[in-house]
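Written below as structure tokens is the structure these notes are about.
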Amino acid sequence: MKEIIKISDLKNHLFDGMSIMVGGFMAIGTPELLIDEIVRLNVKDITIICNDAGLADLGVGKLIANGQVKKLIASHIGLNPEAGRLMSEGLMECVLVPQGTLAEQIRAGGAGLGGFLTPTGLGTIVEKGKKIIAVNKKDFILELPLRADLALLYGTTVDKYGNTNFTKTTRNFNPVMATATDLVIVQARKMVDRIDPDNVMTPHIFVDYIVKEEE
Amino acid sequence: MDKMQIKNFIAKRVARELHDGDLVNLGIGLPTLVGNFLPSDIHINLQSENGLIGLGPAPTEETYDADITNAGGQPVTLLDGGMYFDSTLSFSIIRGGHVDVTVLGCLQVDQTGSLASWIIPGKMVPGMGGAMDLVTGAKKVIIATTHTNRGKPKILKQCFLPLTAKNQVNMIITEMGVMEVRDDGLHLLEYNPEYTIMEIVESTDATLVINNPKVMKLEV
Amino acid sequence: MKEIIKISDLKNHLFDGMSIMVGGFMAIGTPELLIDEIVRLNVKDITIICNDAGLADLGVGKLIANGQVKKLIASHIGLNPEAGRLMSEGLMECVLVPQGTLAEQIRAGGAGLGGFLTPTGLGTIVEKGKKIIAVNKKDFILELPLRADLALLYGTTVDKYGNTNFTKTTRNFNPVMATATDLVIVQARKMVDRIDPDNVMTPHIFVDYIVKEEE
Amino acid sequence: MDKMQIKNFIAKRVARELHDGDLVNLGIGLPTLVGNFLPSDIHINLQSENGLIGLGPAPTEETYDADITNAGGQPVTLLDGGMYFDSTLSFSIIRGGHVDVTVLGCLQVDQTGSLASWIIPGKMVPGMGGAMDLVTGAKKVIIATTHTNRGKPKILKQCFLPLTAKNQVNMIITEMGVMEVRDDGLHLLEYNPEYTIMEIVESTDATLVINNPKVMKLEV
């Protein structure tokens, strides 16, 4: 049985300057309740790792709008003009990463790999400052793993053991982020007795705490 | 042709490059229109990089499901046989060469197949999203674009805006013609007879290899 | 609708000297019908990539016993004494790879990666002849991707579109191998109309042909 | 103690190193016995690297399912809450540091924590399977072994058989004692009072740091 905590318990796991991976793609599959609580607690100088910057009033966009984000690592911020403004004014550091590289960096962080070679970004500014390694006379960029202190996931179905599934396109970065942080907290849309063992997307061993949406 | 007719004309020509069973990723904007012009006997599989294959049309009020979106975050539907997956598998599919064709727009594209599509210096930088992986990984990269931007050439000898990918574009399709990037240069394979070859050459800042181009025959 | 072929059509996709990835772990999740047909056709000089050498009369062990395997890339051959004999007598080249490295090499082959950095095998004979790369002062072995001409999978449930699932521990190397070869043929234990889109393990785009077990 | 008593004694002591909620991978042979000695208030999750967490006991005739096996290919069962996964996730779990404890046997283990367990020169080489990943990736590596092999020391200054992993072992548990690999050497933390310290030292080819070791108290 996995421990179910109250949203107010979230504060015990937060600290200024921490790094947080947040599941979701344009805020689809993002745990909004957990984000709201971090806004309320006003934790400062956060590094956010997320596919994108959310929208102005959705997803990690709420943390950005509230001035809590010191650094954003994402593949896209185009739907959040406030993120663009803070970035161009130098008020938020923003590292833009190709989406596939971002997913793979997080995977490497969770899978104990020291890095991987990708052709994506060769000959572009993405390769700047990175090691180029040739394999069979073909060049690749060496990209390094990413990890964070905390992952906030949005599980659409969570069983009492903590096994977690993400329906339809809410899945996106959620399962891979579950593997790459010291602590994993899942916002559960729906709790069930048991997920079919063949179809578990995130095994319970990755999940530390569950916050139920109904409460 | 008005602006919409031009877009449809280009999309219709791009559609002819797709084959039955192809896995295809269409960028936002003009490329999205390509799906409207497929012959009824050709069934392609559309991928959306946020995590699905079998992208269907926008939902009706009845079929709307907030959990099903495309890479732009817009609501979509899933066709029969389609399925969902996570971002790591999505980009294994993309980077691993499993996407047969990707169709994207551009700011600039050049005769060596390099593409600039994500940064206009001095403007807000939206980020590359999945575009760099798509252009690098897809078997065939088609740029679907108006030939010029308000009269200014978009097809160049060498892109001067920051690149999305180097030497990855295979084909450029505009309202003026169809061009293919080959080792020996940018070949004009087809031209739209509404324009003279001279007009096409003058609208292009790249060196075009012109060797008996065919006529682009499409109803508008 | 994915093309269903007869077992006798398998010959159209085989040639001497080809490389074949075979799903399964100690022959659990291995497509025995497809193996049997390759034994019958006596295709020669095959390179087999598989977790293990199967058993003497099960899985890829049947190809080994029939002298068809020129080279075996596997993590373990201990349950097949014939494989050990052929290896030690120099009659079959055998490349032993740590199991996690093997899985990751196949994944890299399917995911367009040029390689990856793993700590597994450092300071052992596994690192011999490989590039060692330090990241943040920690050493890693650069391991390269693996691909093959053909993958033979054992799908326990396959839908009419070709979406394929592998129940329980039959899954093992099957889904990753589906991504890393030019051609993929699935032996289907059971055909169904449709697999739930949330629970598809191998999307139909990876599958080329299906051989139904019942026939 | 007879051979089986010795094995059970070692397994029982190893069990004390496991904590509630731990993810544990047990090698074949002696390590498998560890599961029999867990206190009833401690629930651990057993992983099998072929693709499951929640490894249960061998099946009865009623619960037998040919599709559920362990890494040795033997039929097993799945406990409530357990789940299946593929080999890439299995080794992401292993190599990524998500396994709290792995327990393995050895041919040789040395005072620097290096382990030799997979090749006896001149004998058939079975392959390393998942052992190299497990020893490299697990948070804590415990070697559970008889102290000697027919009187010949297995705990050495330096392994001379081909290594499974270098400097990765944390603890060695034998019928004679409990040893921990630390930066300053191999510490004897506990000893079995059935043996004198001198006997233990003489059965060990490594330099043991001995500083008030505790008594290993376990019923056989």
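We just call them A, B, C and D in the order they show up, numbering each chain from 1.
Basically, a contact is a pair of C-beta atoms (placed from the backbone, for glycine too) under 8 Å apart; a residue touches a chain by one contact, two chains touch by 3 or more.
Since the model is a prediction, treat every value here as computed from it, not as a measurement.
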| item | value |
| --- | --- |
| Chain C and chain B - chains in contact with each | A |
| Mutual neighbours - chains that touch chain A and chain B alike | C |
| Winner on C-beta contact pairs when C-D is weighed against A-D | C-D |
| Between chain D and chain C, distance of the C-alpha-averaged centres to the nearest whole Å | 29 |
| Chain centre separation in whole Å, for chain D relative to chain B (CA means) | 56 |
| Chain centre separation in whole Å, for chain C relative to chain A (CA means) | 32 |
| Chain centre separation (chain A, chain D; CA means) in Å | 35 |
| Two or more partner chains touched - positions in chain A | 104, 107, 111-113, 118-119, 167-168, 197-198 |
| Chain B: positions in contact with at least two other chains | 52, 78, 84-85, 91, 94-95, 136-137 |
| Category of the chain touch graph - line, ring, star, complete, other | other |
| Every chain pair meeting the contact rule | A-B, A-C, A-D, B-C, C-D |
| Touch list for chain A against partner chain B, complex | 25-28, 51-52, 55, 74-79, 81, 84-85, 87-88, 96, 98-101, 103-104, 107, 118-126, 156, 166-176, 201 |
| Chain A contact footprint on chain C (complex, rising order) | 104, 108, 111-119, 133, 135, 138, 140, 142, 144, 165, 167-168, 196-199 |
| Residue ranges of chain B in contact with chain A within the complex | 48-52, 65-69, 71-73, 78, 84-88, 90-91, 94-95, 114, 124-133, 136-137, 162-167 |
| Of chain C, residues touching chain B in the complex | 107, 110-113, 159-161, 163, 179, 194-195, 197-198, 200, 203-206 |
| For the chain D and chain A complex, residues of the former touching the latter | 23, 45, 52-54, 78, 80-85, 89, 91-98, 136-137 |
